[in-house]
């Protein structure tokens, strides 16, 4: 589904990614873990088009997308729930969700009817969002915003979902809830690439994992293999 | 000055002030999506009004002329976006300030030569017989200004809230990157905002022309007032521009009567400089958080 | 050294000599009038270039200052009976005063609003000039006759020489200014106003001073204008004039005295250009060919966006064709100016001089003036004896929220003098916010911050820098347009009193301090190992060198407390080791350091104490070794999992200590 080869990217003069490669097979959950500053978020942004890689390719379903603007990549079936969630603060919860399905809905009128089914599915997954459907997204708590960001990504009926640091800034209890949701989505067959600084949580839900260090993949393997790997631990705590 | 004169001046002034508010509203639309405004907006008002007048003199009926004028304004807005704004936005510079000024100057010159330098009257089917209302005389033409302004602002607000495209517009204004991730093209949204802004400017011209006549300099003075309103009200509050616009219009009208018509401009300009000094983000606007 | 002087000054001397000599050879009064205008516009545009070129703002008020200066001088002569020198001084005074009055509110604003404020000022000025008929004569104008200078009635030629002399003085003064601390400060505040404030160099006050200077020059030009034409009308000083002046500055070349001069020549010659059809066609034709050449070249080399390449071609083509088709070019003057300015802004943003200097610098290599020897380190960064361990920085229940998000939620922390205090935590834990609040970028929502027991200034990078707190930035905030040496020299500002005073610098005093500053800056570059790159522009340094430079710059003010925000971010391994060395060296000089980092080897190698943040609060504090073993810390970084397929116990002894 997604093949990233030899990706080089950065901001200005600093090259954060120094030849990263990874693969996500359809129907699986792949985790990308590593210390902060290793380049995980930069990888996500390079995949979804928010930044342009200086070298390397990104293939989505065999189609090269590394030079396309993010709106085009989104319309090809990629949904990115970005780091920091980035919900549309002044808009309501329901509006945020509807916008998630932008590529699928009629632009002017009739979109609410068309999206009703998808909305119901997301509300079933996140009942708390249904309660707050008219509330301004900017006033939701961190955990609720994360649910909204995931829900928004789901509304696009994506082929591939990128989840960037869903646990960031959230209390442990909420983090557990978020990962329960990710587990549910996995059971429904969603293909996901998950970037997390909480390695244990990510490894628990992933089918395969990559460990990033200084802009490159240092180690890869199944979660079981990685748990036994000393280098993984070293990549986190010095 | 008696109270009735004061009231009369205030009301007439406030109705004209609504035109400033409308132009300022146009600024808000483009600022929301792209953090830029068209410094040549006055010329857009003037050229659209002149074009509309030409259509009228060609004998076309009003129900054709007005929409045509509005579409023309929208097209001009798109032209401004493409020629003067997009390059600067791509380069993340503020070059659009100078470029929109230049474009405005160019349009002024074209208008001078195509339509001449004289002010021409704008015939309107609406009567100029004043209606007496609560001790104040208001003409239907002046009232039409209020109707037009509120109607168009209302329609655009409905568009923003009720259509998906309108919500996408708000989304890009709130967070451009996140909007792109949803598949919304930021560039197209900016184009839309400029088209709407141009249309709004055209409407302002059409509404005010029966009162002020049409000529190359018709909007030069108005535009500074609109800037004052936009800056004082902040570039983010729709309600604020209406209030400030009416207030400014009333103030000007009174100043013009008491100090002499040449001083008409002064309150607005002074207000602008003072307001900028005291609260740069405007009275209704929000404070900016810097990112490092 | 003589070669250098000869080349630069030689060209200037030659030009001035030529200009002064022309009226001796040519007796045509028309040419004389044109040259006088050239001198006046030269002064005017040099003034405009201060805000447009050096401060980088769109300034629409210069025409107003021309008018204000002109009317002030005119009224002093007609109403007060003053002579030329006093009237001119009065005009300059009005320029400075009104310039400062306008600048104080206007310069708090971002670009577009600043432009609006200056535009309003121009409109207000014209209105005042028109309406105050009892003073200015209103629309009918003001006539004056040029008073004698020291009893001698000046001929046209002598007046011209006077204007030239003033232009020369302005030229020299500006050159002195721009070569000094002021010029660097202007450049710095364009590249990074945040870093400029954080280095204790007030962005705002420099902008106000620069604007006032530019306005004063505008007013001086106005006085000469009045004395030259001896008749003034408010209609002259309108919006259209402002655009023409901008055309002059941009076409001539921003940030350049020569550019302003070339621009002034163009502005003076513009009316001729319009009236002479053949000349117009010739010049537009040349312009068209140039933009065609540049556009095609840019497209082929992929150096330009398509619009950038094509738009000037279209605009200049319109000029050529339009010139042939229209009956009267005078009627279309605004459109012509617009098309010219458009082509230049899009196609040749650096202006004619900018383009020429790039070309010339490839032909002539002017050797740089040699640098002085580096000052001794003790002078530049004295070793402090303060290792008492007394609390230097105290944070008590510090809070900062953004909307609903509590980024810092009750942090209490003490940093003791002489220690290296690490601040770590997962992403989103609030580390950067703490640093931004302490250094003054944000105001705290609640809580106290004390430096040596006294409250720290809040919400002002500038004030906080002035009490001895320096910082670096996670996203580099270097002054990319300046060299490495100049970056450090900007921060040295406070040390040199003479250089701070604009009048003294204009007169050329302060050159010795300049040498001292160079020596000190060189010593700091040596300290971080960048002495050999002193002359490299900061944007051309390698990423690692840029990070080292940030530290050299930060310690220039001899701070008591240095805050480093992820100094090793993005560094390669060898550079990271070097960075650790540099930080150690700074620490050895007695500077207390607060260090935010993710790289645990950096933290372990440097820090005496580490505070761990999570969710805006402190969850652990101790030595690096203690903190690494702390289960709460491990949980915060790695996360806990309820029931995983291979839930192994948390390792107690990491693989590397």
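As written, the chains take the letters A, B and C, and residue 1 is the first residue of each chain.
Operating definition for what follows: a residue touches a chain if its C-beta (ideal position, glycine included) is under 8 Å from a C-beta of that chain, and two chains touch if they have at least 3 such contacts.
Keep in mind that this is a model prediction, so the values were computed, not measured.
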Which of A-B and A-C has more C-beta contact pairs: A-C
Chain nearest the overall Cα centroid: C
Euclidean distance of C-alpha centroids - chain B vs chain C, Å: 34
Mean-CA-position distance for chain B and chain A (Å): 42
Sequence positions of chain C contacting 2 or more other chains: 475
Of all residues in chain A, the ones touching two or more other chains: 89
Chain A-facing residues of chain B, complex: 162-165, 167-168, 170-171, 174-175, 177-186
Of all residues in chain A, those that touch chain C in their complex: 10-16, 35-37, 83-84, 89, 138-139, 141-142, 165, 167-169, 171-172, 175-176, 196-204, 214, 223-224, 227-228, 230-231, 233-234, 236-238
Chain C to chain A touching residues, read off their complex: 403-405, 426-429, 475-476, 542-543, 546, 566, 569-570, 573, 598-601, 603-604, 615, 628, 634-635, 637-648, 651, 654-657
Touching residues on chain B, where the partner in the complex is chain C: 36-37, 39, 83, 86-87, 90, 94-95, 97-99, 101-103, 105-106, 108-110, 112-113, 220, 224, 227-228, 231, 260, 262-263, 265-266, 269-270, 272-274, 276-278, 280, 289-290, 292
Touch list for chain A against partner chain B, complex: 48-50, 69-71, 74-75, 79-80, 82, 86-91, 95, 98-100, 102-103, 105-109, 111, 152, 156
